[in-house]
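In what follows, structures are represented as structure tokens.
Below are two complexes that have subunit A in common, paired first with subunit B and then with subunit C.
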Partner chain A sequence: MKQLTDDRMKVFFEKLSKYIGSNIKLLIDRSDGKYCFREKKDRVYYVSEKVLNMGSMMNPDNIISIGTCFGKFTKSGKFRIHITSLDYLAPYAQHKMWIKPAAEQQFLYGHNVLKSGLGRITESTTQYQGVLVFSMSDVPLGFGVAAKNTTECKHTDPLSVVCFNQADIGEFIRCEDDLI
Partner chain B sequence: MGRKAKFGDDGAVKQIKGPGRKAKKQKPPKMLPGLPKLEGDDEPKKLSHRQKQRASRRSKKKEERKLIKKEKKKGVKKDDVKNNNEESDATKNIKSEIVKQFSDSNSSWLKSKNSKSIIPEKDDDIESYDSDSDVDDENEEENGLESIDEDGLSDDDDYLAGTLDDVDSSNESGIEDTVHKNKETSTKKRKAEESDDELLPIEKAAKKLKAAKKKEDAEANEEMKMQINVASQDVFVFPASDKIDEHIPIPEVEQRIKDILLVLSNFNKFREENRSRQEYTELLLKDLCTYFSYNTFLMEKMMHLFPLEDLMSFLEASETPRPVTIRTNSLKTRRRDLAQALINRGVNLDPIGNWSKVGLVVYNSTVPIGATPEYLAGHYMLQAASSMLPVMALAPQENELILDMCSAPGGKASHIAAIMKNTGVLIANDVNKNRAKAVIGNFHRMGIANSVISTYDGRHIPQLFKNFDRVLLDAPCTGTGVISKDSGVKMSKDETDLQRCFTLQRELLLAAIDSLNFKSSTGGYLVYSTCSVLVEENECVIDYALKKRDVKLVDTGLSFGTEGFTNLRQHRFHPTMKLTKRFYPHTHNMDGFFVAKLKKFSNIIPKNNESDDNEEEIETNNVDAETTEVEDIVEKPVANIKKPKHGRGKNRTEKNK
Partner chain C sequence: MEDITAVLNKKAALDVSAQQSVSVTKVLDPEIDLGTLLCFDSNDFDTPQLRSDQEKYLTYETRNNVQLLINKLFELPMKNEDGYMYVDLPEPRYNLPREKPLPTPKPLTKWQKFAIEKGIKKTPKPKATWDDILQKWIPTYGYKKAAADKEKDWILEVPGNAADPNIDLFAQKREAKKERVAKNEYQRLRNIAASRKIKVPAVGLPPLEGTLHSNQLKTAVDVAKISTASVGKFQPKISKEVVSIKKNIPGLKKNKIPAKSMKDEKSSSLQILESINNKKPKFNLEKAANKAIHAEEVERHREKKEGSDKKKGGRSRSKGSFKRPTANTGKRLGKQKGGRKRR
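Here is the complex of A and B:
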């Protein structure tokens, strides 16, 4: 259980800002107590100070998760966001996509979002922008990267991909054992 | 396809004979008798030759009858002349009939006739009484026939049409039959009528009633005799000693179980001479083992636990699965919204009952209930109804420090976190790393952020923390309450497994008590639960803790469930043991479960146990076990369990296989 090094902090926040932009601030300055990011075995956990105190008294070998896991650093030093962070990304997301009920199942099986399944999209989404994917009833389903910008999305043919799947809540079942 | 019926135009095409396609040769299908008639079919049908013959015979007979009637009338008229001045006999008769008629059960039917009796044909009246005991339908038809007779019409066409109207549903031949029957009965009646013509109609009716009653009595007597015979045969014959071990087919075993249960229910009455109750129970044990495929040890425990009438229902209920239940995650959604969303997906569900605000019962579903987008989004958790009870008993408060000692797969722990509204700290511990992974998945899915998921051995937790406000100990157990989920328990669990389980449970319970903070302003409570129904794993363990630590049982706060045992066979427990709750599959339609809530009052460990750990164990065992049999059971595992430090994890996986 250690603090992130400056380098890793930079990589991590850069990645996070692709999805929630400057809202990262809101994650750190919270009214209901201090929250912080901690690293353990290359995983980054977002945890309140209170919980962290309890965790710090335990043997790290015996802790397998604390607070919420945001993702992990790969061996090449990049950061990969996990689906487990969805609860914090979804409310602060700057660019969103809503997908039709018919396309929901497809997305939850790990497939990309096609134009035919796209219900709504935030204006001014640029290409390769990180987007949060919602169902039409505003249930967060996962996140990914926009394959096209908003205007292109409107005029493209129905079978072209508009969002690359990065993570979806189907993973809670598909890869339960290596979720974090 | 195939032949086409030509209901409308009759006989338009003549059927071809000789070789050819079957469809072409076959007659068009006939209209079913029950179906509504086509318009063209309303016309009266042509009669067959036989029908014509019968009709002519019928008309002949009727004419004969009329002749007889006329002769009789003449006789009556003579009488009338005799009592010339007074009211005629016949009218008197009619009056008395009217008075008595209404006391009859058939008054409605009689009434209709009465209106007719104004017609001076008294003969007809008599006949109507005569047919009193006949079946109503026949009567009606007869009336119909006779009314036609009175009209003096022998026109066959009209006559038939009339009957067709009366009995719409029966087919033609049926009508003919009934007509025929009516004919016969009416002639019979006529004969009887002539013999006791002198009797008053009421007297006749009474006579008939008497006869009917006599017959009925005779039948009842016969039946009684039969029943007595059956009962005498039913008394169970104990098999010969050399035949007891014989293999008999399952249906016979089932019958024998029923028989033995009957014998045991009224032993003095049904027992065989010089057979003891023990012999019967041993045979019953053996049969139950074969029928439900339990091992002898477990079945014996069950038989000790339940009275015989409950035993069967428990065993049977343990064979059938309990309804699927889900728990709403109150952190993410409300029950009503969730129910609506699931109903839209084709799930048929209902609230679980008054006792829970988050539970839902799923009756059936067109989609897999464990893979809906709502499930993946963490709106609900698949959880047995019984698993909600210990958390409700624990009653967690916000901003508390709570420990779930054996948390995997995280159902109860996530329930606790949801009640705490993600405040405070929850430590979800489970010794088995692989099972603890399920907790990670479930917690992240449900959006629980206030938790630490650890993999300590529960017995070592007091060395780290002693300041928990509340502790939930859902101890690993033999799983005798969830046989419907895992039927392997029935065969696999034997005495040593049970010993291992309850020794571990005792150690865990003491550890849980030690990690509690009795000074906590809001808490200091511990809930102990198991999914087993055996006393060894429940009341015995609690009783042990009551003796070893300064804790007391408190009310669980659960509105239903049966009270725990205060005594059972050789066991004598603390009287407050009735504050614990037991749940059974056959009475509460949920898994077999045990919930006890303890409050800690101090860290003091009662003095007589303060010496050595090993001594302590044995000493309390002696206190616990009053019979030598149980003492043996308890003493062994102390040596057994102390050796492998991680025996618990092993047990835990065994339970879940």
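Here is the complex of A and C:
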């Protein structure tokens, strides 16, 4: 369990801010207790102080996971977000995309969202903006990147890609071994 | 007659003594290794005899032991060839100890290692090859080969794709050869260094020619910076310098950053967050343009709606007269020209 170095913290926050913007502050500065980010084996965990103190009793070699895994640093130093962080990020999402029930399954199988499957989209979403994908009944489904901005989305043909899949809750089953 | 008996007796006595000298009895059988013709006698010395006449006693003992060895030899199957008798010695059982340790195998060169890994086998080159131009056998190396090369290359063809036809091809060839020799020498020295585990500096010796990668330059700066007597302690800082000197230098131990307290960690992470947010442009042109387009669209949509409402306003229809559309029962108008634009 390490504290993140400043460089890594920066990379991590830059990635998070793509999805929740300046709302990261709300993750760190919480009224219901102290929370922090910890790194282990290149993975970043979101841990409450209480859990952290309990974890400190154990041999760090024996700890596999602590708190909630937000993602991992790749070998080239980039940060890759994991689906496990969805529950923490979904309430703070600044740009959202709702997808129709018919397209939900395709998205959950790891495919991109087509225009035909797009139900609603936040206004003023720019191209390549990180978005959170919701079902029409407001159930968070995953992360994506907007392939087109909002106005373009309205005018494209129904078979063009609107959102690139980055992570979806189907990964809980598909990538069971990789997720911690 | 007496003479004969005397001779016979003498002979018998001699035989007995000879028999005695052949058959040797010892308390402990000496260890005999025929392969190396070795005999170990582990019996104790007879101390009084040894003290009285050491030389005679030792010779006697030695003779006996040699006799035993010879006896063993005669037990082996005899072979006869061209009137000579001989035996084949068995495999030696006793390992003679070495004075010096076993020689260590020669360390493999980088190429040899690579060749083994890839399964490349050395193909033996012939000592000499027939040269069609000179009409004679030319050795693979040596002064005769050099002489032949000189004789052969009195003229060189300028390649068709040559950038500069006036370039001295002979000088180029000489230069290339020099380079090859230098490279080989460098590799030889590197192999020696690797075998003796001498560290060859990986950095600090950037290539003299050509452009350097920015990372290489950074490393060179960092190395230069700490290459002072005080390990760079009093070195002035360049403005906007990234203070990560130790990160860039390979082989240098990294200091562990002391853990921050929860409070410090929070403040530092908030600081980082702020710096990220400050970096983002306050005014996003694309976003603003999209917003404007959207507002325009909404406006247009509303106007359209209002306009159509006004039109519809003229045709008043009571609520009761509203008919639901009936599927498959209505009249078809046939194909209309133009029609609605479909999206």
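One rule holds in what follows: the second predicted complex is superposed on the first by the 179 of 180 C-alpha atoms of A that agree within 3 Å, B and C clash if a C-alpha of one lies under 4 Å from a C-alpha of the other, contacts with A are read in each partner's own complex, and residues count from 1 in each chain.
One rule holds for everything that comes next: contacts are C-beta pairs under 8 Å (C-beta built on N, C-alpha and C of every residue); 3 or more make two chains touch, one makes a residue touch a chain.
Keep in mind it's a predicted model, so treat the numbers as computed, not measured.
Trainee: Figure out whether A:Q106 sits in contact with subunit B (first) or subunit C (second), or with both, or with neither.
Mentor: A:Q106 sits against neither subunit B nor subunit C.
Trainee: Does subunit B (first) or subunit C (second) touch A:D177, or do both, or does neither?
Mentor: first
Trainee: Going by the contact rule set out at the top, does A:F13 touch subunit B (first), subunit C (second), both, or neither?
Mentor: In the superposed model, A:F13 contacts subunit C only, not subunit B.
Trainee: Quick one: classify A:G67 as touching subunit B (first), subunit C (second), both or neither.
Mentor: first
Trainee: Between subunit B and subunit C, which one contacts more residues of subunit A in the superposed model?
Mentor: When the residues of subunit A touched by each partner are counted, B comes out ahead.
Trainee: Determine, under the contact definition given at the top, whether A:T84 touches first (subunit B), second (subunit C), both, or neither.
Mentor: First partner only, subunit B.
Trainee: Residues on subunit A in contact with subunit B in one complex and with subunit C in the other?
Mentor: After superposing on chain A, no subunit A residue contacts both subunit B and subunit C.
Trainee: Along subunit A, where are the residues that touch subunit C in the complex?
Mentor: Residues of subunit A touching subunit C: 3, 5-6, 9-10, 13-14, 17, 22, 24-25, 28-29, 34, 36-37, 49, 123-124, 126-127, 149-151.
Trainee: List the residues on subunit C that touch subunit A in their complex, please.
Mentor: 257, 259-260, 262, 265-266, 268-270, 272-273, 275-277, 284, 286-287, 290-291, 293-294, 297
Trainee: Report the residues of subunit B in contact with subunit A in the complex, numbered from low to high.
Mentor: Answer in residue numbers: 341, 370-371, 373-374, 376-378, 401, 423-425, 427, 433, 436-441, 443-445, 447, 449-456, 464-465.
Trainee: Quick check on the complex: what are the subunit A residues that touch subunit B?
Mentor: Against subunit B, subunit A makes touches at 32, 46-48, 50-51, 54-55, 57-58, 62-69, 83-84, 87, 104-105, 108, 135, 137, 139-141, 169-170, 172-173, 176-177, 179-180.
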